[in-house]
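What follows are several structures.
First chain A sits with chain B, and in the next complex the same chain sits with chain C.
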Partner chain A sequence: MRALLLGYGTVAIYYVMAVTLIYFMILFFSYKGVYSMIKGAVYSRFQSLSGSESAPPVSLLVPAYNEELTIIENVKSLLTLNYHTYEVIVINDGSKDNTLQVLIDAFQLEPKEDEKGHQAIECTPIRQVYYNPAYPTLYVIDKPNGGKADSLNAGINLSHYPLISSIDADSLLEKDALIRMARVYMENPAETVAIGGNVRIANGCSIRDGVVTDVRLPKKLWPMFQTLEYMKAFLGGRIGWSHINGLIIVSGAFGMFRKSNVVEVGGYRDGYPGEDMNIIIKLHRHMLENKLPYRVAYCPDAVCWTQAPDTYRILSSQRKRWGRGNLKNMWENRDLLLRPKYKVFGMLTVPYNIIFETLNPYFKLTGLLALIGYVAMDMTNWKVLLVFALINFLNGYVLAVGSLVLEELAFQRYTRMRDLVRMTWYSALMFLGYYQLGVLWRLQGHIEFLRKNNTWGVMTRQSWNQDAPAVNNTPPVATGGKIA
Partner chain B sequence: MDMHMRMASIFIAVLSGVIAVGLAALYTLKLRDIRRRRTAGVYTAKHEDWITYVLANLDGEEPLYPPPGRLNQEERRVVQERLIGWIEQFRGEQQRKLIALCEEMGLVKRHLQRLDSPFEWVRLDAAYYLGCMRSHGAVPGMMKLLASMRFSPMVFIVGRAIAKCARHTDELRDMVHVLLAHKKEAHPLIADILAESEIDIAAMLETFLRSGDEERVRLALAAMRKHSLAGSGDTLYKLTASEQADIRLKASKLLAKDAVSFSEGRARKLLIHPDGEVRALAAQAIGKLGLRSCLEQLRLTMADPEWKVRFYSARSMAMLGEEGFAELCEAAKTDTEAGAEEARDVIREEMRRRESASRETGWVAVRGRSQPAYEYVPLTQDDQVHA
Partner chain C sequence: MSNRNRDKGKRLNELMYEKVVERYWSAGDSRVEGEPCGMVLVRCRRSFDEAIREVRARLETELGGPVETILDPGGEQAVFLPFGVPRSRTHYLALLAKQTLSAYAAGEFAVMLAEAGEQPERNPRVFEKMADLFAHLPDEPEVAFFQEERGRHGESHSVLLVDGDEEMRRYLQMRFRMKGYRVLAAEDGTQGLDLFRQEKPDVVVTDLNLTGMDGFHLLTRLQREDPDARIVVFTDNRVESSISKCFKLGVADYITRPFSPVELEARIERLLQ
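Presenting the complex of A and B:
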């Protein structure tokens, strides 16, 4: 037993060393990549570009399930983006509430017979397309419930433009988000197959007429932790991964894709959460197998604001769903692992995700058991345990600080000193329970996966008007919600 | 064990050091940001009168004068940002006066010096500002910078700066050559950059269009979306036969926009083009441009294997007056299943449209009881629709 524990300890040390090394490497690439991103954004004149015909036309796809509370405000906000040519396609995925009716009433929509939509991708047959020439850029599809991926596929079939952008119905896009993303596409249309946007937490911010007018940190604990978590993932992680073309996920809340490539890979996969990661994996696979030059880019200055779950119940449900989606995607795509044919994606991204994301809970759990074993068998002492805990904390904290520096260098969204103090303090506090809960939720997600749980879980919608009540929103098949 | 603990202690010390440096950098950045915002507010307030003076005198004949007194670095930055904002906002004489003011204040000279900096980021920054200030003298330096750069978003920043400053077509041509050499198919963006130039680029686009070089042709086609070229119809028509699908489609689109170039003969030939996308475009354009003489050909394309061609053919027929509508009705009766279905959809749609239009004018479209075709009858007083 002692030998086993010692052996485990050795493996664990190498595991920690490897994960630390990769984290630092990605953070380094984030710093390297952010320079041209900042300068490109600062020196670009988005105001003139947004009115330019040169900007490629974009179809915004907005899957909606039981979104009656927020849909009108969000669609109105989407209809007033600073962009030359775009259309908004709302896909009502068999909502049980009045989502469709409130849309019809608010925009005086009527059935549009000539929009049959070319069936480029398989999806549930749609019931009707609604339209009003007074809002020439708005289309509403009504279809039976089929899930988020199915809704996106229906939207793709109806879309009229070469670029598609998926947006969650409960998210708000900044007015220049689309043009910022389009700029990234226009710089290299030959290779760009997808671009990820930056998702930020709107809890605590002031919102007026669908626009975030005053950026503030959330007051509640759960959204505060998520704000820091998103910052770390989007700035400290995704900029770096995109720099080496190893990005494995473009947030379902806001991403842009070249439609032709999405159609080539058969559109979004249906059946369970994790469709945003799945589509990116499929695109990587398709481009690499066909030896086509490509990149999955990331645009951190294209911002989408979303509401973070603010209760334990909803947050845990969301995280379990992510855990399920991650495990399923990794299991289905295990053939990519360590195959030189798949370049950075196969040699680094997938191994990293399997070993340090999917299997992370098992290392954490066995690590805890091993620690108990060391103490029980008198193989350690409090000093060693303290050192171990300290290294663990410092390792994580250095990455959190690194992300905060990136935020401060490039974006400075939180302008007050008080905000920075809170962020540095809460970044440390996250180690006392929040990260551990994350491991637990992921593990529970894996259990749900093994039990073939295919539901979306609990989700509530809160109006952007903070005084309005929240509504429960548990779809029969996965639709809506947000995935970072 | 001691050795391991010593190693761990060193690791902890290093990590703590990195965190301390990171936190110091973080708070320094925040303090700097807060200070910058404060000083920007202070200096804006200090120069409020001068700002009012500049805006009030943009249209006057007198040259504009710099702000009074000696400006410190931060003050100069605040004033410069104001001026750059206005330069990008205004055009013509107002813009020229503001640019002259930048020269008077020594901003152009300062950035020209920075353009020789050994650091690329300084040169990039200088190129951006010199571009905004339309400094023609900076073009050679910016070209040198552009040629030395590896591909990144920054090359377009420098390219745009050159386009703003260029006074000769050759300068633009050189810039375009470098940008196209990166082979990223960024033609729309380069076209947008060219549109920033004050030079007449028509002749250059004409040569690109005729060059036979696919990259240049693509760029010319992208630029022509904004900048139409008189007399380019023949070249565009030739390009509809290009081996490259994107080129023939873009050429067809541009051709179809121009009523003069999109003659009936060309429309007929494009309707039998081997590329379905081109046929669909031609079918669509015939309706938009009202080419009634192509009606017979449109009737034939209702049996096209491509749904898009049938779709636009049917819609175009509906747009070609009663004659077109009658042909559409005929197609609904006699065509192959797909064509007839398309025709029926358009008829239904057209009836609805006419019905809704007639509500305002007092006329309504109804289906004749004894006739297979459709006709107009006057609306009854109680506004009932006869069916």
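Presenting the complex of A and C:
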């Protein structure tokens, strides 16, 4: 038993060292990426680009399921982006509420018989396309319920432009988000297959006419933790991964893809969460197997504001879903693991994700058991334990603060001193419970996966107006379940 | 300050008229013919003497020579007559005056920019009207513009400007005002449409990239309101399909940025003829 525990301890130490090393390496690459971004920004004038023919037209795909409360405002905001040629395709995925009707009423849409979309990718047959010439950039597809991936596929089939961009119906794009992404695309149009956007948490911000006007930190605890978590993941993580072309996920809330490649890999996968990670893995695999030069880029200054779940129930459900999606994707793509043919993606991204993301809960859990064992068998003394805990905490904290510094260096969205202090403080607080809960949720997600639970889980929607001060104080609070 | 005693009993406009006539007629100097005649009218309700002295000193330093100054017997107003200084430069002088005055009497002053036309044939009634208008001008920290009435109907043309960029709006607003247009500015499509309904402007200058309502939709709505509306699209969007779409929607002109203000003004002027 002692030997076993000792052996485990050795492995665990190497594990922790490896993960810490990778984290710091990625953070380093993030800094490198941001540095070149800041330098490049001086020379790029995206304002002028927004009207230039050389930026390719984009089709925005907005899958909507039971979004009657927020959809109008979001579509209105999407219709006024700073971009020369784009279209907004809203896909009503068989909503049980009046999503379709409110859209038809607000934009005086009429059935458009000559547009049925060609079947480039398989998807549930659509019922009807709606259109109004007075809003020439808006299309609404009505189709029976088939899930988010299926909706996106239907949108791809109707889309008229070479680039597609998927956007959650509960998210708001900044006016310049598309043009900033197009700028990244145009740095290397031949090789860019996908670009991720930066997702930020809008809870706590003031929103007027579908535009985030005043950036504040959330007041509630759960969204606050998520704000920091997103910042760390997107700025400290994804910039770095994209720098070495090892990005494994482009957020489903906001990403841009080259349509031809998405069609080549058969579109989005159906009937399961994790479709956003899945499409990126498929793109990596496709390009690497055909030995085509490519890159999956990330554009941290293209911002999409989203509503974070603010209750335990919804947050845990979301995270369990992510856990399920991650496990499923990793299991299905285990053949990529450590195959030199798949380059950085196979040699680093996939192993990292399997060992340090997917299997993370098991290491944490066995670690806890081992710790109990060490104490029970009197193999440790409290000083060593304390030192280990302290080193662990400091590592994590330096990483978290590193992301905050990155934010302040490059983006400065949170300008108030108070917010900065709060962010630094809460970054430390997250070690007491929030990270542990994350492990628990992931584990529960795995259990759900093994029980073959394929549902989307609960997701409630709140009207954007709720955050706007003094507009009206009796907002309708949505409780539409989002079960796709 | 000797002027004040000598000219007692006369009104400001009469004094201005006298000075201008003195300059352009009595001298009989052919050099001054066709020379511009800028005017900066200032009003200051606090520490008047001191402030005016300061403004005058500032203008004289700027121009490198003396500036004809008239003090109103009422004791609150003064007029600077930088003879021979073109309008754009006079505008700058007015801005200097504004800056100086805001240090002396923040919120209690007014500045108006005017000129006496290019012909040395000066109509006393213009001065009367100018002085009247200035007397009724509320105290505000912006330079107001005096414009002689144009056209037979005695009305200036109006231009509705719809643009989300505040800098651009302010710049064009200033330029259009100097052209003598009445300018209505809107920062988004909804506001623009409201102003269009209320004021029926002669020309609409609009961007396509707007908040609240997209540009193409605004064009459709404007057309629906008034099929004869004269609309100039003024935008970053240089894509051919957008240009042809706009002309299909009935716009009169399409100007892309980066732009030449002179061209923009010339095109608007052509539409107004």
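By definition in this document, the second predicted complex is superposed on the first by the 463 of 484 C-alpha atoms of A that agree within 3 Å, B and C clash if a C-alpha of one lies under 4 Å from a C-alpha of the other, contacts with A are read in each partner's own complex, and residues count from 1 in each chain.
As a working rule, a residue touches a chain if its C-beta (ideal position, glycine included) is under 8 Å from a C-beta of that chain, and two chains touch if they have at least 3 such contacts.
Because the structure is a prediction, the values reported are computed rather than measured.
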| item | value |
| --- | --- |
| Partner chain(s) touched by A:Lys175 [first = chain B, second = chain C, both, neither] | second |
| Partner chain(s) touched by A:Ser52 [first = chain B, second = chain C, both, neither] | both |
| Partner, of chain C and chain B, that touches more residues belonging to chain A | B |
| Which superposed partner A:Glu408 touches (first chain B, second chain C, both, neither) | first |
| Contacts of A:Thr311 with chain B and chain C, given as first, second, both or neither | neither |
| Which of chain B and chain C A:Leu79 touches, first, second, both or neither | second |
| Which superposed partner A:Gln128 touches (first chain B, second chain C, both, neither) | neither |
| Residues of chain A that lie at the interface with chain B and also at the interface with chain C | 48, 52-53 |
| Contact footprint of chain A on chain C as seen in their complex | 189, 209-214, 216-217, 220-221, 235-242, 245, 256-258 |
| Partner chain C, residues of chain A touching it in the complex | 47-48, 50-53, 76, 79-80, 82, 84-85, 134-137, 175, 209, 211 |
| Residues of chain A touching chain B in the complex | 35-37, 39-40, 43-45, 48-49, 52-56, 113-114, 118, 183-184, 186-191, 383-384, 387, 390-391, 394-395, 397-398, 401-402, 404-405, 408-409, 412, 415, 417, 420, 424 |
| Contact footprint of chain A on chain B as seen in their complex | 5, 8-9, 11-12, 15-16, 18-19, 22-23, 25-27, 29-31, 33-34, 37, 88, 121, 124, 128, 152-154, 156-157, 183-186, 188-189, 191-192, 195, 222, 225-226, 307-308, 311, 315, 345-346, 348-349, 352 |
